[in-house]
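Two complexes come next, and they have one chain in common, chain A, joined by chain B in the first and chain C in the second.
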Partner chain A sequence: MATRKLLFVVRALPYKTEASRLGLTHAISSQSVEIYLKDGDLVEASIAFIGDGVMNCLKNQQAMKHYGLTSIEGHMKNTLLLDMKVMVCKEDLDKFGIKEDALLMDAEDIGGETNTQIVPYSEIQKEMESVDHLLFC
Partner chain B sequence: MGKLTIGCFSSLVGSLSLDFSVKLAEAAVKKGHTVDYWMSGNATMMSKKGQRAFKDYSALAKTVQELIATGKFQITACEACAEARGYHKEDTIEGARRFSMDWYLASAFDADRVLHIGGD
Partner chain C sequence: MKLGVIMSDYRTGEDVLKRLSAEKLGIIFVGNGVYHAATKEAGKTSSILEKTGNLYVLTEDLESRGFTSANLDSRVKAVTYSDVVDLIFNDYEKIVWL
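Moving on, here comes the complex of A and B:
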């Protein structure tokens, strides 16, 4: 029995490329990975948004209205619903002048109990050091 | 000998990230390591058959097929990403496979190293 920890570090802007969406959907797929593993083995994914990537965390995204696409916000809500650890870099939010009330902080409307964590970069770095594999998106 | 898992989102044409990662896979296989190669997003087109090689564009199909033939290289495309691009199962080059994203995470589970190229 073993657990492997993966950290997806999202640096890409939302909607400009597919990278941030794919980072989130790959992280979410950790929920069904057991079908490929031995009994008791697990993959635990967490996500950190840094640099331009913090823009993915804005709430009230209108992707369906403008692009006819599910929003990144919807995927973020799913990660919170699945109790995944979601971190957003405080320093990068400050650089963009983004306040906490502009961010998707919870998924209570769909039954989620986990909140987005706004943390200093040093905490994200600690998380990077603690995981088995880092995946930059 | 170790196992390297490489994941890439970048385009076959328009970026040289796939070229780099395939060269890295080739070097690892030559040293006796095994490589799992995962393609998601635009990268899925690397395992589509019927690619025509031009000198102005990246052409990796031949190298990929040679790597598959070594038995030390598994290449898998994200099924949903491929279907979204009109690339169906019957279009896949021989020896390449298609699975859902959890396959990649399962490969990362027992990999000695994971190299993820998530940009475009």
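Moving on, here comes the complex of A and C:
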């Protein structure tokens, strides 16, 4: 009986490449691998947005309207719906002058109860040290 | 020459763009290039905005990333995909993509 902890660290800008979307979708899909694990074994994923990656967290993304694609915002909502820990680096938000009201902070409209956390980089560093696997994207 | 530059990235291409010169230079921000037009880093706007007075950003790519024209630097004009086609065919002799 063990819990394997994963941290996906998203540092890529959204849309031009699939990197940030893949980070989110892999984190989400990690919640379904338990059917392949032994009874009692768990996988626990969390996500951190750092550097340019904080741009993925802006709300009101209109990717479906313009690209016919599900937005990164939609994937973020799904991670919150699954009660994953979602962290956004405060220093990087400050660097870009992005305020909390510009960010996707919850998924209440789809029944989510977990909120996005704006945290200092030091907290993300601690999370990196505490997990079993670290995945940068 | 009249040169149009389609700038599609945020972290690359700036070195090349700074060396380009033309009688008339236009920069069209698309894709992740829109961050040059809509964000500031450490309170500073992108230095690319100093390069020319002919600055455009593709509205579709801007809005897809959660921005509106209200986020734009005042020097940049928001244009539609059709406007970009018109710019390419009517305003510039050559187009490069960075």
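As a working rule, the second predicted complex is superposed on the first by the 137 of 137 C-alpha atoms of A that agree within 3 Å, B and C clash if a C-alpha of one lies under 4 Å from a C-alpha of the other, contacts with A are read in each partner's own complex, and residues count from 1 in each chain.
We adopt the following convention: a contact is a pair of C-beta atoms (placed from the backbone, for glycine too) under 8 Å apart; a residue touches a chain by one contact, two chains touch by 3 or more.
Since we're looking at a predicted model, the values are computed, not measured.
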| item | value |
| --- | --- |
| Partners on chain A (chain B, chain C) - clash or fit | fit |
| First, second, both or neither for A:F96, with chain B first and chain C second | second |
| Touching partner for A:L13 - first (chain B), second (chain C), both, neither | second |
| Partner chain in contact with A:C137 - chain B first, chain C second, else both or neither | first |
| Partner chain(s) touched by A:M105 [first = chain B, second = chain C, both, neither] | neither |
| Of chain C and chain B, partner touching more chain A residues | B |
| A:L81 touches, of chain B and chain C: first, second, both or neither? | neither |
| Centroid geometry (CA): angle chain B/chain A/chain C, rounded to a multiple of 10 degrees | 90 |
| Contacts of A:M55 with chain B and chain C, given as first, second, both or neither | second |
| Partner chain in contact with A:V43 - chain B first, chain C second, else both or neither | first |
| Which superposed partner A:Y67 touches (first chain B, second chain C, both, neither) | second |
| Distance in angstrom between the closest Cα atoms of chain C and chain B, superposition on A | 14 |
| Doubly contacted chain A residues - partners chain C and chain B | none |
| Complex contacts: residues of chain B adjacent to chain A | 7, 9, 40-42, 81, 100-106, 108-109, 111, 113-114, 116, 118-120 |
| Residue numbers on chain A that touch chain C, as the complex places them | 13-16, 52, 55, 58-63, 65-67, 71, 73, 95-97, 102 |
| Interface residues, chain A side, partner chain B - complex | 2, 4, 6, 12, 17-19, 22-23, 25-26, 29-33, 35-37, 41, 43, 45, 132-137 |
| In the complex with chain A, residue positions of chain C that touch it | 8-11, 31-32, 35, 39-43, 60-61, 63-68 |
